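Two complexes are shown next, each including chain A; its partner changes from chain B in the first to chain C in the second.
And then the complex of A and B:
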């Protein structure tokens, strides 16, 4: 599942680039690459950029990056094969500088060598997010044509149908149905599993339960099969082998232990989820003091305010919150791996203390916590001036903030009317192996959530991402991020800060920016190192430090030299066109009729 | 050094950040290009304005009820203007890229989607002439003819010396303040006849109203009052913004403060002004109104002429306060744009609660993109022609990229704003040959053809410094010192 996402976003990182290719509008390369990507028809976005070499690298020539965002289900090798062996020879023209002598005279041999090299330089995304581009470029184009046609028809029919919405929508649907150009739209819009049939919560829960059930069955079989087979053999032969019997018994016992530990782990997971829901969703919804307390904790973690309230949050959080959390987690671990003491403890406690006393104790503990929080909040409000004076926050200096290299500005300006694009190159913090491992784990988590849960084209609450992908390159030394998104860069980062804090912090917190030269004349360099903003408990703060984060992201950016976009459409346009297709060719009801009417008036 | 408290710095903040000087009904704007070799004279003339105490502070504005302010001046500089007057940014804390590159540069024309331009003036070297170095904004009490005649020097005292500056003067539209039917006092109307100056953000620690008036403003807005309250750092450099971060403060060489801290830097208490001179074709709008009627004109603007929201359900003739007129949301009441169309001018510049995944996140997100408008309608007399009218648009913001440029690029001039199909802003959009405006409705919407109603004549980014920084620029260095909270507190009476 994750592999499918990773395969959609690939980069070819060619080291030691010494080519002299003209990527300008007037040059041949741009039109050749455009024609190539149009012709292979499965590339949605492509870009080329130069990555500056590390200062400690042996090879000081820049690296050439070719970024490809392709359609779902295309194997990267197949993709490269189609590109390299395309009759236009555009890929050879791009990379021919790696064969100073001109390469083999036979085209097939030449392409074979190029293919081998590109496979060696291929980097699958270590993690990524696909917004609305689970559709093919052809689907997006065809649905857009349908949208434009429907709008035009709507204008023509308006005088005839006036305010009769149902008749108007029916007429449009009939005309679309009768038009042979739209026969393809008879089928519901194809979507990937998690955005189609698997989009509902029940499907996701059911899928998880099935996987869990299969796991239990598999583990049970691992224990049961040897036991059964060995029993059958001993019965059939009429002899016994005590040594083998003991091994089989061990396998069987371990298998059953894993089965029950898995069941307990599921129970513990459900209990933790319930607890999280109770504390972070249900109680805040019911009780304002609890809501304020949770808000205060979150604010303290993300943006310390340095007030009495913040101070109390920190103190109580460290004294009560963190030990409580660790104790709960420890209990869960013990329950999974060695439940006996917990079960005995619970039995002894319930035998000694009646249930109402336990419940009362819990309520009193929560009330005491709320009182402490409320008391400090009251002090904070009552003595606002004193609080401001006492906790007057000291600031952190952020140098060279709000600076954008002209080459980056130029790239953004040229894409102001299309899908925006960014390339960010950072260094992975020492020790590289450790940091790279953490990044990989984090990215897999982000990718999983993006694939299964954030299926409405938003990563967290951050809208506008078409393809966003991360690559660990150069043997875990550097970290590359490419994104194709709607909007401008500043707004995009604001979306990350407000909508996808945890994922973005997780992805970038193990990186840093070391000094580096520019990859080419007129491209940005880094003279002064810059650190990723400080994080709290791995997940918090980080990108919430607006000035530091934006400066970090800006300084890490590189301009593209070439860019291909198969269909210039925003996420909202893509979703609207697909929705219109389903509304026109779906059943006639109020919802679909209204969707059609709203779509044609825009 | 600690970060500054806004309340301790009011004397160092130029008055236009505290108020739009609504009680001063006359205004003029001077766009000045300093002639070569006349920098000292330019400084001296500008310093004269400071010496005459015409450059009022936010503290003066706050005290204006007890000690009325009758004349006010604000002085701002373009990046080239600061350089011309010898203020070079430091390597560690340079000015933000949008400001240093200038609104007039070709790159920003692309970024702001208004290429090609035919501007008369800008903040960079261009074919239209030299760059504007200084913007002087002047607000004055309206004086009667007799008062003008008795003290003619009063209106001429600000006239810049043409031997020192190349001057572009943008004059007041004397008809901008009117008392129309239903108005209990004179109110500001822009040239198409719509109420102007509504929907302003309220700087959380710099509220203009005090005491009972403030309570009434809150009462009129009800629970929606907080929608318009924005952190001071969104408009004033050096204070906490909506991210609860101190806004970045650039610094210049020779500034005596401790540059390691925001409060010790040159730009503390300043702001950036995004300025545009927008000419309005009043005749074209009148013709449009004659064809489609007032209701459609109001849909295009997104408000009623008298300032009430289009969704206003009360008696249309009853006067309501500005606070009440601005207290509305769109997400629930008008999600489809049946009242205020999705592409209407005011819905583009301030989408309120409509763009996020829920109401709260939408309001939070919109607060990152607010502008404090301080412009005024203008009128230009042309020989043998009808006078030309327009608006001299001034927007104060602390982060040009996140505020003015974002609004302009992603909302106002975005032809795909909220999924519209190739629809520019109906009022300040590109003057293309065929433009239309769609108005959602039942069963489906209607379309009307638009004319080119406006034309931008010029624009630029300016830095409005704090008063200490202003004195530093003008060579009154004796009075300029590090303006940390302690320093200013010590000077306070």
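And then the complex of A and C:
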């Protein structure tokens, strides 16, 4: 499932680039690549940039990066095959510098060699998010045409229908139905499972339970089948084979152990979820002091600067929070793999202490926590001076004003009227293997949540991401991030800082910026090393050091030399056009009528 | 432009892979399908519940009612655009059918000589291989024989269709690329909507490439065909003809050889007869050719390329299953035709499980060709396909004895329901 997302965003990282290709408007390459991607019709975004070589790399020539954001379900190999074997030969023109002698005389042979090379340089996204899901470039264009047509028709019909919304919408729908150009819109806009039948939480939970049930059935069958068959054979033949019997018994016992361990793992998972929900959702909703306390802890953990408050929160976190969390997790693990001591402990406890006493103890514990929260809240209000000193004024220690490289400015200016684009290249902290592993795990988690839960174009609370993808490249030495997004850079990073804080921190926290030269004349370099803003307890702070993070991100950026945007539409426009299609060709009701009116007025 | 291209998967993750896996597994094992088909023949009412025709009479009945059981069921799987096989009868259908018949008539003039000539060339090349050297029966033999045999379909435009408007027509890599492209488009007809998203999208990519390729040389094709049709008619028919003619014949050939290699007695008997006639005699002896043709048909009966067929039901109707009551079919639904079950129906084929090329089919002679469909929608190129495969099989019989390669991984590799590789070597 995650691979489906990952292979939508690919990069070709070609090392040792010594080509002299003219990517400017006046050159042939730009028009050739545009024509290629237009003709292939499944590439939504593409870009080309030069990545500077690492200072410790053997090959000091820059790397050429070709970023491709393609439609869902296409295997990257099939995609590359199509691009390389396209009769225009545009891909060969781009990469022909790798064959100084001009390559083999036969087109098929040279395409074959190029294909093999590109497959070797192929990098699938290690994580990514796709905002406008389930739409092809062709569909987006057609739906946009429908939107424009509807607006034109709306203008013509407005005088006739005035404020009669239902009649107005009906007239528009009738005209759309009668127009043969829109036959394709009779079918509702396609939706993949997680946006369609599987969109509700109950469907997602149900899916998980079905998969879990199938797993249990499979494991049980592995044990039960040999046992049943062997039992039947020994009964039928009337003889016994003790050696075989012992092997069958072992298989059966192991299978049953896995079944029960799986059940216990599910119970432990549900219990942990319940605990998290109780502490972070239910109690804050019921008791204001608790809510204030949770908010305060979160604020302190994410506070960009070091204050007494954040320092003490961290210390208490290390002394109380982390051991408590580890203890709970250890209990869960023990419960899953060796439940005997925990079950005996629970049995002994319930035998000694009646149930009402345990319930009372729980209530008292929560009340005690509430009292502590209330007490600190009272201290804050009562001793203002102390509170001010303790919480210290909010101030970030950024030592310099951020200077954006002119080439980055120029690229952003070129894209000001379209979908913005960002390429960031950072180094992975030492030890590389360890850091790369953590980044990969974090990115898989982010990708999973993006695929299953954030299905309507927003990652967390961050809107406007078309295709955002992360790649671990050069054997885990460097980290590449490419994003195609709506709006401008500042607003985009704000969305991440405020909307997807933990995910962004997780993706970047194991990175650093080491000195590097510029990839080409007029491109940015890095003279002094920089670190990603410090984090607290892995997940917190990081990107919340807003100025530091933005400065870090800016310094890591590289300009593009070529850019292709198949649709040039914002996610809002795309959603609007898709919604209009469904509303115009769906049943006539207030909701659809209202949507049509809003669409033609937007 | 196909707006349905790129439709996302609306099934829960994993379920499509599972169902596609089962479909492919069943497709590769015709004996399993025959066993299930035998049950539906035995209890036709059970097939009726699921809208499945299994008895020969039921299958014939359904296939002779194209208005009630429409070929449009194929339309959704025609990745390269609409074509005859997915159309209902109408002006476009009749016009396209006329065009196709004109093209196929050229094959009547060139076959089997063209096929024989290419087979002899390939046999000469392969004959130089030693016993230890394996070759791919699909990529090194069948693919090229069918390709050369079907040259007249595009006539003078063949080179441009294959190599593109500006490509080198003698570049074998470009030819191979074209043949791969059409193979994946044809694969979609077989795999259909059960296929995984990756398979569907690959077919769509190849279809786009095929359409672009045809559109770029449509004037050349028009000149070669000598017809005054519009560019869209030329493109539709040329694309359809390209993907349906070649890959389906190649697959049928591979399946026939696979079945033959399983039947060593039959194989040896045929080889003995070929040896008796000698390498030159096999091409001149009409009786031997008839014998091999009978074998090809019988082999195809055991491994038909389309063991199951789907049909759309445009309006409420019912069909005769062979049970006491007819099976109702609701409008807008689909039904399945178990050709593989009908081909083994012992009510019309005595001792149907036996491999018997010389069987007397009596009044049911028409059923012999059921693997090509039945009635007015039967494949119009069936005779030519069988002729080409007959030539290909004769070529294999005069080569040293073949067997599936051992010790190089699996000799037969599949790409979904299609066979993508069949490595063999001489004994």
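Quick note on the criterion: the second predicted complex is superposed on the first by the 561 of 602 C-alpha atoms of A that agree within 3 Å, B and C clash if a C-alpha of one lies under 4 Å from a C-alpha of the other, contacts with A are read in each partner's own complex, and residues count from 1 in each chain.
Going forward, contacts are C-beta pairs under 8 Å (C-beta built on N, C-alpha and C of every residue); 3 or more make two chains touch, one makes a residue touch a chain.
Predicted model, so just to flag it, every value in this text is computed and none were measured.
Peer 1: Give the label of whichever partner, chain B or chain C, reaches more residues of chain A.
Peer 2: For chain A, the partner with the higher number of touched residues is B.
Peer 1: May I ask you to decide whether A:341 touches chain B, chain C, both, or neither, giving the answer as first, second, both or neither?
Peer 2: A:341 sits against neither chain B nor chain C.
Peer 1: Please indicate which partner A:208 is in contact with in the superposed arrangement: first for chain B, second for chain C, both, or neither.
Peer 2: A:208 sits against neither chain B nor chain C.
Peer 1: Now for A:188: first (chain B), second (chain C), both, or neither, which partner does it touch?
Peer 2: Touch partners of A:188: none, neither chain B nor chain C.
Peer 1: For A:354 in the superposed arrangement: first (chain B), second (chain C), both or neither?
Peer 2: neither
Peer 1: Which holds for A:403: it touches chain B only (first), chain C only (second), both, or neither?
Peer 2: After superposing on A, A:403 lies in contact with chain B but is clear of chain C.
Peer 1: Kindly classify A:85 by the partners it touches after superposition: chain B alone (first), chain C alone (second), both, or neither?
Peer 2: Second partner only, chain C.
Peer 1: On the A-aligned overlay, A:323 touches which partner chain: chain B = first, chain C = second, or both, or neither?
Peer 2: neither
Peer 1: Considering only the touch criterion stated at the top, classify A:139 as touching first (chain B), second (chain C), both, or neither.
Peer 2: second
Peer 1: Taking the stated contact definition, name every residue in chain A that is touched by chain B in one complex and by chain C in the other, in rising order.
Peer 2: Looking at chain A, the two contact sets are disjoint.
Peer 1: So in the complex, which bits of chain A are touching chain B?
Peer 2: 148, 151, 154-155, 158, 161-165, 168-169, 303, 305, 388, 392-395, 397-404, 406, 409-410, 412-414, 416-417, 458, 461, 463, 487-488, 490-491, 494, 497-499, 544-547, 570, 572-573, 576, 597-598, 600-602
Peer 1: Can you list the chain A residues touching chain C in their complex?
Peer 2: Interface residues on the chain A side: 1, 4, 39-42, 71-75, 78-79, 82, 85-87, 106-109, 111-112, 133-134, 136, 138-139, 142, 184, 187, 190-193, 196-198, 207, 211.
Peer 1: Along chain B, where are the residues that touch chain A in the complex?
Peer 2: Touching chain A from chain B are residues 2-3, 5, 91-94, 96-98, 101, 107-108, 110-111, 113, 241, 243-246, 248, 260-262, 336, 342, 356-357, 361, 364-365, 368, 399, 401-402, 405-406, 409-410, 415-416, 418-421, 438-445, 447.
Peer 1: In their shared complex, at which residues does chain C touch chain A?
Peer 2: Going by the criterion above, the answer is residues 1, 3-14, 164-168, 171-174, 176-177, 197-198, 200-202, 205-206, 208-209, 212-213, 216.
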